[in-house]
Amino acid sequence: MGAGHDQSETEPEVSAVGRRLATGAEPYFYTAPALLLIIAVMLVPLSVGLSYAFRDIQLLDPFSGGFVGFDHFRELKADRNFRAALLNTLIWTGASVALQFIFGLILALLLNREFPGRRLVQALVFLPWAVPTFLVGLDWAWLFNPVVGPLPGWLFALKITHDTNNLLAAPGTALIGPIVASIWWGIPFFAITNLAALQSIPKDLYEAASIDGASVFKQFRSITLPLLAPTLAITILLRTVWVANFADLIVVMTNGGPADSTQTVASYIFTVAFRRLDFGYASSIAAVLLILLFIYALAILSLRRLIMQRQS
Amino acid sequence: MGRSECGHPREFEASPRVRAALWLAGTALGLSLSLSAEAATTLKLVEVITSPERTETLKSIVKTFEDANPDVRIEITSLPWGPSFEKLATMVAAGDTPDVVEMPDVWLALYANNGALESLEPYLKTWQHTGELNQRALQLGRVVGYTAYMLPYGFYLRALYYNKKLFAAAGVSAPPRTLDEFVAVAKKVSSLPGKYGYCLRGGAGGVNAWMMFGALANGSDVFFKADGSSTFTDAGWIKGFSALADMYKSGLAPKDSVNWGYNDIIAGFYSGTCAMIENDPDALIAIAERMKPDEYGIAPWIKGPSGKSFPTIGYTGWSMFANSKHKDLAWKLIATLDGVPGNLVWNRRIGALPIYTAAAKDPLYADARFKAWFDELNDPDVAPMVMPVDLRAWALFASSIVPRTSQSLLLGQITAPEMAQQWAQVMTKAKQSQK
Amino acid sequence: MTIRMLRRILYWCSHYLLIGLYVLFALFPLFWLIKVALTPNDLLYSEGIRLWPSRTSLEHFRFVLAHSEFPLFFRNSLIVSSGTAVSVTLISGVGGYGLSRFSFRGKPLLVALMLITQMFPLVMLVAPMFRLFAPLGLTNSLTGLVIVYTAFNAPFATFLMQSFFDAIPKELEEAAMIDGATRFGAFRRIILPLTLPGIAATGGFVFTAAWSELLFALMLNSSSQASTFPVGLLSFVSKFSVDFGQMMAAGVLALIPACLFFLAIQRYLVRGLTAGAVKG
C-alpha cells in the first residue's frame, strides 16, 4: 500500500508505535459510527427521560418540574395497578416469545431443506412481519369479532369455546387475542434469523455425523443447537425486550381492558403518561421496567457465554 | 479555464456559460426574496377531529380568509383523530404551539388552567357578532374561570337514534320515552336472535351514557354539593348506574360492547346489530351514509321517573394560544371560522347545532331529522347536562377511570355502589383541590 | 428398502403438511385484509363472516389512490425506509465486525449501552426527543425520521451482524493480512461477500421495521408532507366514517413493496456459505 518500502526501513520506531496505536484504536474505528449515533440520538433523550423519574413533570403544566427524589418509586411500591400490570406483562411476554420462538425455529428447520417451491413458500410465510403492528392489531381484532370475523364461529364449531362471544371481551381470555396476533407477527422474525444461522452451519458436519450413525435428533442436539445458540440468545433477548416494551397490539385490540385485564406495564406507562399526563410517575415505572429487563439481559448473555465456552 | 505551461491554473475567467448561470441565479434569488416578502406572515392552525371531508371544508373557509388577507398564509395541520390528544399535548409540551387550535370541551380545562390559552374577552367586546351568539355559546366558552378561553363553534346534544326495521321486527311501534319503556323495548329487540336492544359504549368515551342514565334516575344533574363533595353516592345516581349495568348483564347489549368505543357503537347501529344508541347530530353523517332514511329514526332522549331528561351537551370551538406572535391576526382567523357565513358552512359539514340564535332557522336544521334535537332544546323538561369539564382531573376521569371501573361493574367484579363510591372519591378530590 | 421408502414418504408428507399449515396461518389474516378491502361498504357488516363477499368492488382502492394523500405517504415511506436500511446496514456492518473480531476494554460498556436503548419504552422518549430535534429542524422532516430509525435499529442490526461474522473464522482475513492486505481491505473483499445472506436479512428487517413504524412518525412529524403511510392509515379512522374498507385497501397497497423487497432478498438467504469449505 502506498509508497515503496524505503519508508518503513528509514523510520521503524515511529511507524511501529503508530501501528500499535492504530491497532489499539482499530475496534473503536469500526464501532464509532454506531456508538456516536446511538449516544447522540437515543441516550441523550433516554437520560432526560429517566431524569423525569425523580421530578414532578406534569406534561401540560409548565410550572411543574420540581425535584421529588424517590417519591414516585415509593408510590410505585404501593401501586396495585402496577403489580397487576407486571403479572400481565410476564404472561404476555412469556407466552408470546416462547410460542413464536418455537414455531419460528420449526419453520426455519422446515425451510432449511431444499424442496420444490421453497422460494415461494419462504416469501409467503415471511409476509406477516411486513405488516405494521397497528394494522395487525386491527386485522386480528376483526378476526376475533363475532360480527365481522370467522374465528368465533370456528372456535365454537370446534368445541374450543362454548359460545360465539368475542374472546377480547372477557377478562379471562382477553389477553389471548394480542398473544396470538403477536405470535403471527413474530414467527417470521425467528424463522429468518434462525434460517440464516442454520445456513451457516457447514453441511459436512452433518454428513460426518450421519456417517457415524447419529440420529436426526442427536444431530440436532449436538450440532444444530450449540451452533445456533449465539443467534438464539440474541434474538430471544431482543424479542423479549421488544414485546415487553411495545404496547401497540394491546392498545389497538383491547386498550388495556376490559377492566385492565390486559394492561401491561408498557400500556400502563402510556396511560399514566398520556392520560394522567404525569410524566414523572410514568418515567419511574419505565425505570423499573428498564432495570428488570437489564437483569434479564445479563442472565441471557451469561448463559450464552457459558454455552459458547462449553463449545470451545 | 486552462492550465498554463508550468501547471498552475490561470486566473479565474468567467466563461459566457458561467456568467449566464450566475445571472439566472441572481434573478431567482431576487424573485424568491420578493415573493417571500409578500407572504410575510404564516399562521398555524391545528384541527384535531380530523376527517377528509372536514379538512376540505376547513380549507375552503380558510381560503376565504386568505383571499381577504393576501399577505397572510395559513398552515393547516390535521392531527389524526385517534391519537390527537397525545399528539397535541406532546407538541405543546415541547413548545411547538400553533396560533389557533380546535379545542374540544374536554381538553379546555387542561390547557386553560395552565395559562396556555389566550383570553378572548377583549376581542369579544368589540366583535360585531357577539350579540348574535346564543346564550349557551358564551356561557360554555367561559366555563373555565368565567373567561372565554375558547369560542365554541357548535354544540353536540345527545338524542336517541333507533332502528325502525328492528323495532318493526320486534313489534315495537314507537321509540321509548321513559327509562322503563327503554328497558322494555330493549328486551323485546334482544329476543330477536342475534340482535340486541342497546349499543352500549363500554370503552373509551362511555362516560356520557353513565351520566345520562344516572342523572335521569336521580332527577337532578347536580354533580357537587355546596362543600365540593360529589353527589355520586346518592341513591338516585346509583339507581341509574345499576339500570345501565343491568341492561348489559341481562344481555340487552352485545357481550363485547364492554370494549366498544365510538366507531364500534356506530357500526353496531348501522349494521343492525343493536337497535338504539344515544348520540350527537354528527353521528348522523356516518349513519345517513350507511342507512336509508326509512330505516332509522331520531327521538328526544328519554325522561326519568321525575319527568326530566338530561341529555349531555358537549361543544368544541376555537382557541388561541397565549404565546402566539400574531394575536390580532389569530383572532381574525377565529372570527372568520366562527363568523356568520363561515360557521354555518362549518356546521353544515360537521353536523353540530348552531351557536347563532338566528341560525336555528337555517334550512339545514329544518330537516326532519334535526327535529328531535330542536324539540329537546325547546322542551322545558329537558335540561341539557354540561359535564364538569372545568375540572382539570375530568380528562383523566373520563378517559381512564370511568372505562376501567365501569367495565369492572359490567363484568360483575364490583357493585354499583362501589363504583359510585370510587367515582365520588375522585370527583370530590378534583373539585376541592381546584378551589 | 420399502421401510426406508415408507419413512421417506412419511417424512415428506408431514413436511409438506406442516409447511402447508404455516402458509395457511401466515396468509389467512392477509387474505382477510384483502377480502375486507374488496367488500363494498353496504356488505361490510351484513356479510361480515362470509369467506368472500357476494359482490366485490374496487371502490376502496380507487378512493385511496385518488382522494387521499396516500401516494404521497407511500413515497415518503419509501424514502425513509430505504434510507434507514442503507444507513443501518453500513453502520452495523462495520460495528458488528468490530464487535465480532476484537475484544477491547470498552466492549462490555458498548454492548450494555446498546441494550439499554432497546429497553426504555419509546413513549417516554418521544417528548425529550421532540424537544431535542425541534431546534435542529429535524421535526416534520423525513431526514429526522431516518436518523431516529437508524439509531433505534442499529443495536439490533449490529448484534445480528456480529453473530453472522462470528460464524466466519478469523483465519480468513488473517491469512489475507499476512499477504499484505489491510484489515479493512480483507473485510471488504473477503468477509463481506461471505455474509451476504446476513446483510440481506438485516437489511430486510430494518426496511420493514422502518416501513411500519408508527409512534415516531406520528409524534415527530405533523404535516402531511412529512407523513409516512402508517400515519396515513390512521387518517381513515375518523369520527365520521369508520372506513375500515379504505384502511384495509391502503394496508394492502402498502404491503406490496414490503413483499417485493422480501421476494428480492430470498435469493440471498437461500445461498449457502462457503466458510465451511475453509474449515474443512
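By written order: A, B and C. Residues from 1 in each chain.
FYI, contacts are C-beta pairs under 8 Å (C-beta built on N, C-alpha and C of every residue); 3 or more make two chains touch, one makes a residue touch a chain.
All values derive from a computational prediction rather than experimental measurement.
Participant: Please identify the chain with the largest separation between its CA centroid and the CA centroid of chain C.
Facilitator: B
Participant: I want to compare two interfaces, B-C and A-C. Which one has more contacting C-beta pairs?
Facilitator: A-C
Participant: Find the geometric centre of each of chain B and chain C from their Cα atoms only, then give the gap between the two centres in Å, rounded to an integer.
Facilitator: Inter-chain centre distance comes to 37 Å.
Participant: Give, as an integer number of Å, the spacing between the C-alpha centres of chain C and chain A.
Facilitator: 14
Participant: By the touch rule stated above, which residues of chain C touch at least two different other chains?
Facilitator: Answer for chain C, listing residues that touch two or more other chains: 44-45, 48, 127, 131, 234.
Participant: Which positions in chain B touch two or more other chains at once?
Facilitator: 86, 90, 93, 271, 273 - these are the residues of chain B that touch more than one other chain.
Participant: So which stretches of chain A touch two or more other chains?
Facilitator: 59, 145, 147, 274
Participant: Going by the contact rule set out above, which residues of chain A touch chain B in the complex?
Facilitator: 59-63, 145-147, 165-166, 168-171, 254-260, 271, 274-277
Participant: For a test of understanding, state which residues of chain C touch chain B in their complex under the given definition.
Facilitator: Contacts found on chain C: 41-42, 44-46, 48, 67-68, 126-127, 130-131, 134, 139, 218-219, 222-224, 231, 234-235, 237-242.
Participant: Within the complex, which stretch of chain B touches chain A?
Facilitator: 85-86, 89-90, 92-93, 110-111, 114-116, 202-204, 255-259, 261, 268, 271, 273, 395-396, 399-400, 403-405, 407-408, 410-411, 413
Participant: Would you tell me which residues of chain A are touching chain C in their complex?
Facilitator: 1, 26-31, 33-35, 37-46, 48-50, 52, 59, 103, 106-107, 110, 113, 115, 118-119, 121-136, 138-140, 142-143, 145, 147-150, 153, 184, 187-189, 192-193, 195-197, 199-205, 227, 230-231, 234, 237-238, 241-242, 245-248, 266, 269-270, 273-274, 279, 282-283, 286, 289-290, 293-294, 297, 301
Participant: Give the list of chain B residues in touch with chain C in this complex.
Facilitator: Within the complex, chain B touches chain C at residues 49-54, 75, 77-83, 86-87, 90-91, 93-96, 262-263, 266-267, 270-273, 282, 285-286, 289-290.
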